[in-house]
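Dropping the structures in below, format is structure tokens.
Same chain, two partners: subunit A is paired with subunit B first, then with subunit C.
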Partner chain A sequence: MGKTAGLNNSLITSGQAAKILFMFAMGSSTLILPTAVAAIAKQDSWLSFLIAGPINYFVLMIYLALNDRFPRMSFTQYAQKLIGVWAGKALSLTYIFFYLILSALVLRNISDFLGLSVLPQTPGWFINSTFMIVVGYGVFLGIETIARTGEILFTWGLIIIFVVLVLLSNQFNFHNFEPILYQGLMSPIKGSYPIIGFPIAEFVFFTSILPLITKQGKPKLRKDLKLVIVCLTFASTVMTVFLIGVMGVSEVSRSPFSVYDMAKYINIEEIVVRVEILVAIVWIGTVFMKLVLCVYALTVTTAQVLGLNTYRPLVMPYSVIIVPLSIFIYRNVAHTKEVAAGVWTLYSSVQGILFPLILLFIAVLTGKRDSEYGIFPSPENTDGKNAKDSPPAEQAEARKAESEAEQSERTEPEQSGEGQTEQEQSPPKPAGGQKSGQQSAASSDSQQSPRDQSDGSPPSDMGDQSASQTGQSEE
Partner chain B sequence: MSGRMTQGRRKSGGTDEKRLPKAVKHETEQLKRIEEMPLTASVKQNMEMCKKELGESPDIIYRELELNNGDNTPILLIYVQGMIDDERMNEFVIQPLHRDRYDVESQAQDMTMLKWMEKKLLATGIAVEVKDWKLIYQKLFLGYCIIMVEGVARAIAANVVGGPRRGIEEPKTEMVIRGPREGFTESVRANTAMLRRKIRSPRLWMEQVTIGDLTQTPVSFMYIKGLAGEDVIDDLRERLKSIEIDGILESGYIEELIGDQKWTPFPTVMSNERPDVIAANLLEGRVAVLVDGTPFVLVVPATLNVFFQSAEDYYQRFDIATFLRLLRFVSFFIALLMPSVYVAIIGYHQEMIPTQLLLKLAAQREGVPFPAYLEAFIMELVFEILREAVVRMPSAAGNTISIVGGLVIGQSVVEAGIVSPAVVIVVSFTAIASFVSPNYSLGIAARLLRFFLLLAASTLGFYGIALVTLFILLHLSNIRSFGVPYMTPFAPFVGPDLKDTFVRAPLWLMKERPQRIKSDNKVRQQVDPELRKEPGQ
Partner chain C sequence: MLPLIAAMLMTAGIGAFIWIRNGIRKQYKERGWAMFILLIGALLIAGMMLGLPIPNPLDMIMAIFKPVYKPLIAWIEKG
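Coming up: the complex of A and B.
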């Protein structure tokens, strides 16, 4: 390996991570979510999306806090550190099942959508399998490629959505929003219930991505994520505003794929008509990203539970499982709605919010932290054959040495208790808080062991905070 | 990574010993043995040996002379007819040998006869002493003249390279309205000189390797020291050295052998025959590979964006350049997608067409026996055949073909009701759009992928197009050129580099070189701080 080796590690920048998070969220939240929300919150559903905005970040905070304690490990790996190997593996199994179901659901969503609105005569299994081939290819190529593809789709998706919204502006009717808050504030708050289950709790896939973010990207990560959450909230709110403004509440809550139906309203001088297929293409892109990330998290988690050193052999079998699973997981679209509104939020909140919170709690109480490299499959496998060049033991050794060398630099996560306190008290200036933490650590004893630092007051602070987070997210 | 590359390439390199037939292997061995033999002191013996080895080829001239030193020492000149400049040979080698005396004075200065020739006699730019046959043959077939003297087991190779060469002409592949008119030639030295004439800096460095067991082709690579990334240079050097092949006839061989990705329709190495383009790339920190025998010079690392840049973009004002750049991107997408979008709309999404147009199209298609995708497929194929025929034909016959193809087929196929006029329009427009791309090799990718997209569109409509596009996008995001991701600066997103992508920002805004070529020096323009000071300060 030459000097270019650094580029070949499968590491992604914080910007890329933020963008794929956006794509992941848009994948479902634009496809079927508005329908579910509008059924509850009626004309105030756009407020639900605004309310859900901060919750997005609080859930991410749990993952980030865990990631600060175990910067190089994915969920499975620190679960095994925190609650023991076997209990950790058992917990990971629930996640494997969760990701599997999620992948099947997402695949079913897109094939339902395509079957109902674009390709009514094409059999579902054909759409599913063709889509899965491309998804499998993407997962096989690795996270770097996925992230880059996500970046491109992100830009194009935003452009097309913007164009569609501009084209729709002549159909906008403000009367559709009246009366505002007719049923009081409770109705939009209730409306955010499906949002918590739908994209937000599913963000738990992000725990597989977090350890892959470059060292340079880590300090910027919180800022980028905040930015992207703002963008996400803005985009979904604007989208809902347009949905209600253009179609009216009753239309939105009846149509299964409301944004697609909204695009049918586009009519510019009888020339630009029925361009909803453009929206469909954007969706294919966002849902594709969501599915790729789900399957990636699925295969990587499985590989880590099984102790494999690459996830690639799992892509093919899982694809073969997901396609039939997606066909019989629902009976029909009405069933989809039922599950999405009723069951899914509970289930995914347990997986995406409750379990990580418990783990964080345990981590804080026991004060465990570990900046060792997890046996993560990807870094050594961006170029699959690369790993064969040098024996894995040697690489692992090199890694270990590197991580040890970095340990002194990595004061920021070690100080996370303190750093975070500051940060959470003053959210607008996270970088400052971190920096001061870093500086103080650098000036004080950098060889201090992590354990020494964590048995002071900071852990209890963290505990309080996570409790407050729970409170907020359960509202 | 580079390690993996090397291994892969070795396997694909042409002359794997095992794969050669036995007889050839035997001969190669014999040749090697002779090449390693030393020169003898006898001119006659050397001549016999040389004649035997070169199969008495009549174009190799053995000119016997006698030295003007009293005892008429025999001298032998060996050269290849046609590869040397006869006049220079006569004037600077043969005449001095006849005229000058090898006198005692030189001997007194302890100068051997060969040294005397080299230092005092020969009036050529390069004259080197050679000791073994291998080197002699190398020089001989480069167009040097080999001089042997009786009693000395060494020889001198004097540079009298000449012979007919194509002059500098305007490049045929990338025409410009404004910009330099010169193009590279087939001689690597002339080409490197052209680059030196553009970048007169001591930091323009060059390295040379000889590739090809039989062709012994000189391959040079040039870069600006301090601008080009050291790892790219190291990587390139390593890759060039690991090429094992019998012959390099064109830079396309090198392009294929050093590329990062073997299975891709997209070019990961750029080639161009314009010195100004290559110089501009050198200035951005890339490395140029010049191969003897072809005017096409390679540039690495090449990202997708590079293939949309034309020399003229920088010679015109930025506004029109930006417009043309956008036009080029749009044309690329048209060339790639138009037939498949047409097929998808006609076959699956008729609702997208405005009613008036739909009625027109439906009327046209009435009586056409084939479905839309088959029509499009046939016409695309016909077009590709026409194109290939016109490219290969002598230009006189080319006109006939364009008349037959364009008028006869285009018109009568519609009149006979075999295909609808809309398809002919779509295919012709696609064809025109595909010629907009300034780089031929990127056009090839569009040409090939068009058929896959057509297939997908005919089976799954827009969904199929979206799927194949996603597939292509994944592939594009995955490939690299010398370690640089191919989609840079779009993904990984490099904000400042976007100034030279879809738009060509004004030169006064592009103060920095592209960042992701890993060049070591970023600043391209710097205003002297002294000039910035206000007069009063």
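Coming up: the complex of A and C.
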């Protein structure tokens, strides 16, 4: 931990970014959202998800347009460029509040779910605290670790959802969809209101991730995001179709966790039963990703507003705030319904759509563009010693390209043995170190180090080490 | 009273950890802000344990958006 504690500028690929966006969206839309939509649009609620697809695309295009103008800056930083330092910081403070509330709400959702369905005897504060410890550790490890976790959970999540839907196909009843469009097209349009609130407007967290995407991944980003929107719309629509087809509208609109309840219907000849825990596993994974990303955006935004060199010291203090906040943020079921189906959409639309749109208009009108590096200043650059050096992200990409080139040269003659996959991820090592048992013992360190070297960390790492040395000598 | 003491001990432990770790790296500014945020968290926990009336942030949001979202929800729920 100490070795990597100042590193912030890890880079992720466009595919990883797209996958974490998908996981973030599934965290809300799989378990809670169909209930809110079905309460409004009834049996036509699957159409609401189709209608929300283009809105989703429009919102992401706003973020991408801003990112095209400020490719190496997060929302907080280009807000300061566009509307002035103090106004930009004031605007960012509203985002800190937004992310804090969102994190507390997501944590409350998971504790409600676990408390009601899986762990009824366990107190909520204990579930929240233990979940938050894991989340805090994930945020502490950085965006690269989060993205890799997302890749793993993405695959497993899709497989489990597919299996669950296949197993439910024998329970499907097409009569549950009748009458189709009984109240006209206005009903599904109105049903898309909660979808705009969560997750679409909450995608604003993505503005903290966009500057961390590699330069090689930027051209593919637009295509990947389009693919994610299509997948997301398709998955949500299919899920809602199954919900209505299996459970019926009245039951979907009553159930607090409708997808989990739907999985209870699985019954293949009394042999395959009680597989709803699979849905719980997927949902815990997606909500974990959502919460990690919210806390990451929260800490990064705070650190950038305060002009800190790293966001990491803020992770644990924010965790201490989020846990009690999640306990008292909802008073009762009526309050939950009023917030989730009512005011939240409006509030998150202001934060996630209106403010970025205004900033985009200002950027277009003033013609401002800036490719300056602005994620976090490295300690060396803040000292002014290496101010002329290229920014850490560029160093990271250069090192990544170098290591990839070296790896491709190495892998061709050395393609025998299972250890090759680890070799591909690790930097070129001294010949003596490859065969010894020390390699396995130090595998965690060696897996950490290549990324650290390749993500622009060496300057800050070195800065940390030199700082620690000077700090110790001063002490 | 026991959960309160446990929570305060936990926050004190986290505070000590941040204080020492960041002191080694000379991240004085980071340490200061981290301790400030931690203090807010500790006060929040203490307030909750002691049953003090802590304002709910969602109520503030609802009060701000009330003129807009009430008619909007009424229109949506009308069908």
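Please note the rule applied: the second predicted complex is superposed on the first by the 364 of 475 C-alpha atoms of A that agree within 3 Å, B and C clash if a C-alpha of one lies under 4 Å from a C-alpha of the other, contacts with A are read in each partner's own complex, and residues count from 1 in each chain.
Basically, contacts are C-beta pairs under 8 Å (C-beta built on N, C-alpha and C of every residue); 3 or more make two chains touch, one makes a residue touch a chain.
Predicted, not measured: the structure shown is a model, and the values here were computed from it.
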| item | value |
| --- | --- |
| Which of subunit B and subunit C A:Phe288 touches, first, second, both or neither | first |
| Subunit B versus subunit C as contact partner of A:Leu325, first or second or both or neither | second |
| Which superposed partner A:Thr130 touches (first subunit B, second subunit C, both, neither) | first |
| Touching partner for A:Leu346 - first (subunit B), second (subunit C), both, neither | second |
| Touching partner for A:Asn267 - first (subunit B), second (subunit C), both, neither | neither |
| First, second, both or neither for A:Ser117, with subunit B first and subunit C second | neither |
| First (subunit B), second (subunit C), both or neither touched by A:Pro313 | second |
| A:Gln171 touches, of subunit B and subunit C: first, second, both or neither? | neither |
| Set of subunit A residues, in rising order, touched by both subunit B and subunit C | 2, 5 |
| Subunit B - residues contacting subunit A, complex | 1-4, 230-231, 234-235, 238, 348-349, 351-352, 354-355, 460-464, 466-467, 470-471, 473-474, 477-478, 482-483, 485, 487, 490-493 |
| Footprint of subunit C on subunit A - complex, ascending | 2, 5-6, 40, 97, 100-101, 125, 183, 187, 190, 193, 302-303, 306-310, 312-314, 316-321, 324-325, 327-331, 335, 338-339, 341-343, 346-347, 464, 467-468, 470-472 |
| Of all residues in subunit A, those that touch subunit B in their complex | 1-5, 7-8, 13, 15-16, 114, 118-119, 122, 127, 130-131, 134, 137-138, 141, 145, 147-153, 155, 270-271, 273-275, 277, 280-281, 284-285, 288, 383, 385-386, 389 |
| Parts of subunit C lying in touch with subunit A, wherever the complex brings them together | 3, 10-11, 14, 17-18, 21-27, 29-31, 33-35, 37-38, 40-42, 44-45, 48, 54, 56-58, 61-62, 65, 68-69, 72-73, 75-77, 79 |
